[in-house]
Amino acid sequence: MDMSQQTLMPEKAVLLPVGTSAKVVARNVNVYYGEKHALKDVSIDVPDKSVTAFIGPSGCGKSTFLRCINRMNDTIPICRVTGKITIDGQDIYDPALDVVQLRARVGMVFQKPNPFPKSIYENVAYGPRIHGMARSKSDLDQIVENSLKKASLWEEVKNRLQDSGTALSGGQQQRLCIARAIAVSPDIILMDEPCSALDPIATAKIEELIDELSRNFCIIIVTHSMQQAARVSKRTAFFHLGLLLEEGETNQMFTNPTNERTQAYITGRFG
Amino acid sequence: MINNRKLTATITVAVAGIVASTAIAAARDQIRIVGSSTVYPFTTAVAEQFGKSGAGKTPVVESTGTGGGMKLFCAGVGIGHPDMTNASRAIKKGEFEDCQKNGVKDIVEIKVGIDGLVLAQSKAGTPLKLNIEHVFLALAEQVPGADGKLVANPHTNWSDIDKSLPNTKIEVLGPPPTSGTRDSFHELYMEVGAKKIAALKDMQKADPKGFEKLWKSLRKDGAFVEAGENDNVIVQKLEANRNAVGIFGYSFLEENHAKLRGASINGVEPDYDTISGGKFPGARPLFFYVKKQHVGVIPGIAEFAAEYVSAKAMSQDGYLARKGLVALPKAEAEKVAASVKAMKPLTAADVK
Amino acid sequence: MTALYFATLAILVAAAFLLGRHRAQSLIAGGAPSLHSLPAYHGMLPMAAVLVAMLLTFVIGSNVVARYAQASSLAVLGAETVADPLKRSAALRDIHNIAIGKHAGDVPALLMNATQQFSSASAFGNWMVYGFGTLLGLISMGYFISRISPIYRARNIFEKFILVVMGICAAVAILTTIGIVFSVLFETYRFFFDPSLKGRPTVSQFLFGTEWNPQAALRADQGDIKTAFGFVPLLTGTLLITAIAMIVAGPLGLFSAIYLAEYASPRFRALTKPILEILAGIPTVVLGFFAALTVAPLIRGWGEAYGLDVASESALAAGLVMGMMIIPFISSLSDDVINSVPQSLRDGAYALGATKSETIKNVVLPAALPGIVSAFMLAISRAIGETMIVVMAAGLAANLTANPLEAVTTITVQIKTILVGDQEFDSAKTLAAFALGFVLFVVTLILNIIALQVVRRYREQYD
Amino acid sequence: MTDIAGAAAPVFRLDVTSDAAKRRIRKRYAAEARFKAYGLAALGVTTLFVGALIFDIIRNGIPAFTQHSLTMDVAVPADFVPADKRSDPLAIRGADYFPVTRDALKAAIPGIESRRGERTLTRLLSTGAPGVLRDRLLADPDLIGKTVKVPLLLSDDADLYFKGSGTPIIKRSGIGTATPSGTTGEITILTSANDFAAEVVSIKQAAKEKADGQAIEAARLTTFGGQSVAQRVSEINAEIAALRARVDSPKVEEVLDGKLPSKLVEINGGLVKLTKLTDVSVAGEVLLPLSSTDDAKPGDWKVITYATPESNRKVSDQEVAFLERFREKGMVDRHFNTLFFTSGDSREPELAGIRSALIGSALTLFVTLALCLPIGVLAAVYLEEFAPKNRITDLIEVNINNLAAVPSIVFGLLGLAVFLNFFNFPRSAPVVGGLVLALLVLPTIIIASRAALKAVPPSIKEAALGVGASHQQAVFHHVLPLAMPGIMTGTIIGMAHALGETAPLLMIGMVAFIVDVPTALTDAATVLPVQIYLWSDLPEVAFKLKTAGAIMVLLGFLFLMNGAAIYLRKKFERRW
């Protein structure tokens, strides 16, 4: 994996501290929704095996940028993306690249839990099944169990795997969605405000889980909650009006932001 | 607030609609006729002439089928009930009694003409020259076998019945069991045909009921197709299928003679003269019935009946003949005209 | 008279509204504490009261007056005319027509007298109704206006009134069902249990008999009745045609819906959807012609080309065209439910790397399943109940067969042919139509209850 | 990547690069393409079907919108209506127009003396032909005693002839000099050349073909037959022998019958239908009188063939002769069939129109709309917004869904039992039809309205409630107006359904012959689809065109209504 880092010639200076490998590298990314210029010239490096938080006021483009990373924006017909995003050195907007495979490698968890109207088991098994990851039923059982364990849901649902996924509570549903995402063992997990629909207790569980997962995955999380960003992320990026204004170590961002608008946002003067 | 007002307005309209519909005044002063769809084309022609002649309002003619027509006709007297009914068969005893029971005492029966019931095929097919027993042998559910015992009808091709007939599949499109035409077909073709067969002579005497069942049962293996009431559809199906034979009224054959050919029965071709002269076996009379009690109550009933049996309408050159109705022989036509003038009601003895 | 009555009604209604509102407004102007209801409601309430009072008076009153006027004119005509129902109704007809000036021809003096009597009686009666209605309207208006006060809950009362009206409207559906049941129940009962009816079957003979041959039931000597009214061939015929129709319409409708909802560009959708809607609007008579005259010969021709024996009235032709008829039911309803599947579900699948078709097959369709099932159920009951196409194209042969190339008949065809046929009306054969209608109603009811249960069961998990 | 669940658990890796994975992905994409193609194919099949249906209808229906008339100079005699009564419309209306039009026809084709010819000639005109003349005289009584140029309507058969159901006509000039023996009746014509050799050969050819066919039949019968068919075989053999004899002897006169193409000779301004012919002489019947018996020079006379045998067409040779003569004189006029829209039903196809059916449909639909729109909307509002959720409302809901699927014919039974038999409403009346159809479409409207109400987001209602509106205010002020486009769409589709409905009306007496245009809700009336149903069952071929034409009109209205629904939906469509 380190090889790729060397093959990539960044157009700007390496933004990450020396010794940290970049998993996702974005250069001059612009996004347009029809006439609207939603994201302007964003360049960022996202390190592997850590949590990076995107913060910023509503409509600042952080979710848009997140959705660029697994090309979910493709599902919106009027959306147009320019610039370059690479994962492990591979350009994900390369026409030759298969978006389906890309998304298998880049999992995503959504703002509102969206379990499929199927059983808990089927929800998790769905991804491995379409990607042919399991050779037998017992393999699949194993994957489901592992994923649910990783999502800290196993104990709660192990006796009712055939129940409908929609019958779970909100927090459980969201953890199910995370389990679903990690069942295909992606490299990256994108989380779009995963806790905004949850109560504090469920939120705490998810945050704990994120922390746990960051040992193995590159996690990018979009959040509205400054505290959450501070709690879970190692690095933070601040978006405003489609621009990436500041990016750096979370500790530093929250204690000593360089940009005055970041400061204003963090201290709650606007947003 | 505006919406509430709109709402009130719509309620008003609805209620006013209901009010208007309850305040219906029964003020009928035009003739109402119901009954058979077979007679409908002729009665409507008379109705139109009657209306044009200025003798009265154009009668309303409804196509309800003979049975439905009789039911309505016999339901009672009064302006809520029809004045006449068309029938493709004579009134039945049960219906007559029903009429009497409901106070419809005086019914005048008028024979309006003859309808030939023909078997027809596409001109593209091999001409069929049938004897009437061939029809029975082709279509009966059971026919006498080699040893004279009844067996399920084995004939698939016409030539299986008689070598002189063409070697084509038997496929006959006929009327459904609910229609009067079907009854007539049984009586005119199947019964007569069965009686012609030597092997059935004994059965006819020994077991009349079984014999009747024999000629009233048509085969169900696809050789006979019950094809619905719409004769035009049958005509078009015959055009599409040169081997099929259709059973329908003569007027449809006459109107489509460019494409269809009638099968001759016992050597008689179905045409106007043979049907009118009684030579063609498949001929049946058509009727219409007048509620005599309504004469004078509903204006124009007598005049309408007179128009129907007038020479202008019913004779060989009359406009009904042009519509495909075969006129009654002259003597009988005169008798009918006289009876219309006299308005002689049916008695229980006249009804079978 | 009616015009005057309704003019007065309109004036009083308007007056009630304006007066009520004005009074409420003047209360405010007079410095009253704030009103419970808006002034308009204080106007609306008396208005509704006037409307109801006057309409009821009119409906009841005009019927009473009509009776009264008839009775008084008949009194002139003499006992003989009154005793004879025919003469009575004719006389009343003439009187009515003379009164409205639409009678042609001479009028005998007696009739003229009666008409005058009729006219004066109805004029008197109508004035009475008018006076009474107006009075009642004024009273009800006065009552509600007099009650106007700041604390008067005019809105609540008015809304209760509207609620009752709406409830009555909703109850029309129940009344219709009751009407349908009663209109066929009595005759159905006779069909099965009237001892005077020749050739009637028992319920089990009807339901399980395998031969439908009502012609046989007309014979006086009909012994083995069960051969005559066996419902099974009609049911299988109906199901066969319905099955063919669903085989055609199911995939076509569903795939059309999927394509329109998931793949089609908005412009393509705007062009294509009306085509499906046109199909939904074409009268079935027209489709029947098309089936009988165009499709059936075509199928027959193809069949012959392959050496198949095709009846000229095959179940296939009717089923195909019927399938086309019900495509729009399936496609538009499925389209709606597919569209209402939340985008987040699709995103969930896409994010796992599913292709579009995998997303549709594995996520969207299962989520939309209850709606799709109910669309199919609706389509099936449409197909079962469709009459004109089968009347024209399917024939009337009650064959017990599963071969789509043979002719079959359906329940609706039999109802239609029996009722407009030439047979005696009070025979078992004609009454069979009502029994069939009843069975048909029950069958569709069961289908719908199943559909509703299916939808209910899955829908709840999901909002 | 280390596994947090512990070393014991096997590791499942996502594999997107191996050959197996590539194969798998290829397969998945193929499935994707197939799936999409299915959808497109389904739409294609449906569109094709609709296209075929519409094409079929239009192809059949177009001829119904034109009509043919004969434009003729009609001499109206001065004593047609007595001078003192000319101001009386009734007298003009009641006059006998038949002799006048007959004389005009006879003047157009002089020399037709036989009663049969005369009758054939007069029957070319519709019985309604004098209508135009009558209207002209009513408008201007001074025309009586003058000659009026009016278009007289042709009968249905003549009309169909000009619409192309006739026969191909082939003409060729005579080679020799022809001499007719008379000007009317049965005549013979001699020619100086072998003018008819080709005809004789073709007749012999037909005879030969028939003989060959019969020979095959005889052979079949002899092979399979045996005793029972012996007589039939000998009959056939005799027939074959006679045919062969005819074919072989060149001198014998050939006879033309109706089963072969008709041969005629046009000579000296007349037309002769040939019945017997040899190479150099023919005998026949004069259809159009000749002007003289003079010799006709080569090229001045023609041999004419009506290619369709007379027995295979509706119009006889005589009628073709008359009609062709009219056409040559430029009297035949093709025009838009206004009668189709301005007259009621008739038993004469050329006079029948859809006006009374259209008005009947309009009256019926008026009743339907007036009842089911308010009731349907109020019921929907009640069920969606106000009804308590209990067994009764459950029952109503099941009921409404069920009624939407109840076969329409059952509603006919309901109408018969309740409105006609119980409430004693008149038969055939639009009010009853409207009531029945209202009950029929009510569930559709309720369901559509409920869907429209449901589609309005609850937040709108909540917002209204939040500012202190009552529940009814919130619904009637905010939710209902927003749902109105959906409700209108549902209503229009329901009304379109009602417009095309036939089956329930069969039961309540609207299947009737109605000439007079209904004026009130209680007048006897019929509706458009029923009119179609009735016409389709009449024997006259011309009614087939009428049926197709009426279908086109009906479809036109349905398209209009559907179009309105689509427009409404487009215009007010909101996405929440």
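Observations, loosely collected:
By letter and in written order, the chains are A, B, C and D; residue numbering begins at 1 in each of them.
Everything below uses one rule, namely that contacts are C-beta pairs under 8 Å (C-beta built on N, C-alpha and C of every residue); 3 or more make two chains touch, one makes a residue touch a chain.
Predicted, not measured: the structure shown is a model, and the values here were computed from it.
Among the remaining chains, those touching chain B as well as chain D are C. Looking at contacts between chains, the pair that accounts for the most C-beta pairs is C-D.
In this assembly, the C-alpha centroid of chain A lies 66 Å from the C-alpha centroid of chain D. Mean C-alpha positions place chain A and chain B at a centre distance of 81 Å. Rounded to a whole number, the gap between the C-alpha centres of chain A and chain C is 55 angstrom. Once the centre of each chain is set as its mean CA position, chain B and chain C turn out to be 33 Å apart. In chain C, the residues that touch at least two other chains are 162, 165, 355, 358, 419-420. The multi-chain contact residues of chain B, meaning those touching 2 or more other chains, are 4, 7, 11, 25-26, 28, 37, 63-64, 80, 229-230, 233. Each of the following residues of chain D touches two or more other chains: 28, 374-375, 511, 536. The full set of touching chain pairs reads A-C, A-D, B-C, B-D, C-D.
By the touch criterion stated above, chain D contacts chain C in their complex at residues 28-29, 31-32, 34-36, 38-43, 45-47, 49-50, 52-54, 56-57, 374-376, 378-379, 381-383, 386-387, 393, 395-411, 413-414, 416-418, 439, 442-443, 446, 451, 470-472, 493, 496-497, 499-503, 506-507, 511, 529, 532-533, 536, 547, 551, 554-555, 558-559, 561-563, 565-566, 570. Chain D contributes residues 93-94, 127, 220-221, 224-226, 228-229, 232, 311-314, 345-348, 367, 370-371, 373-375, 377, 424-429, 431, 435, 476-477, 480-481, 509, 511-516, 521-522, 524, 534, 536-541, 544 to its touches with chain B in the complex. Chain D contributes residues 1-5, 9-10, 12-16, 20-21, 24-25, 28 to its touches with chain A in the complex. By the touch criterion stated above, chain C contacts chain A in their complex at residues 265, 342, 344-355, 358, 362-363, 366-367, 458, 461-462. By the touch criterion given at the top, residues 98, 100-101, 104-105, 128, 130-134, 139, 142-143, 146, 149-150, 184-186, 212, 215-216 of chain A touch chain D in their complex.
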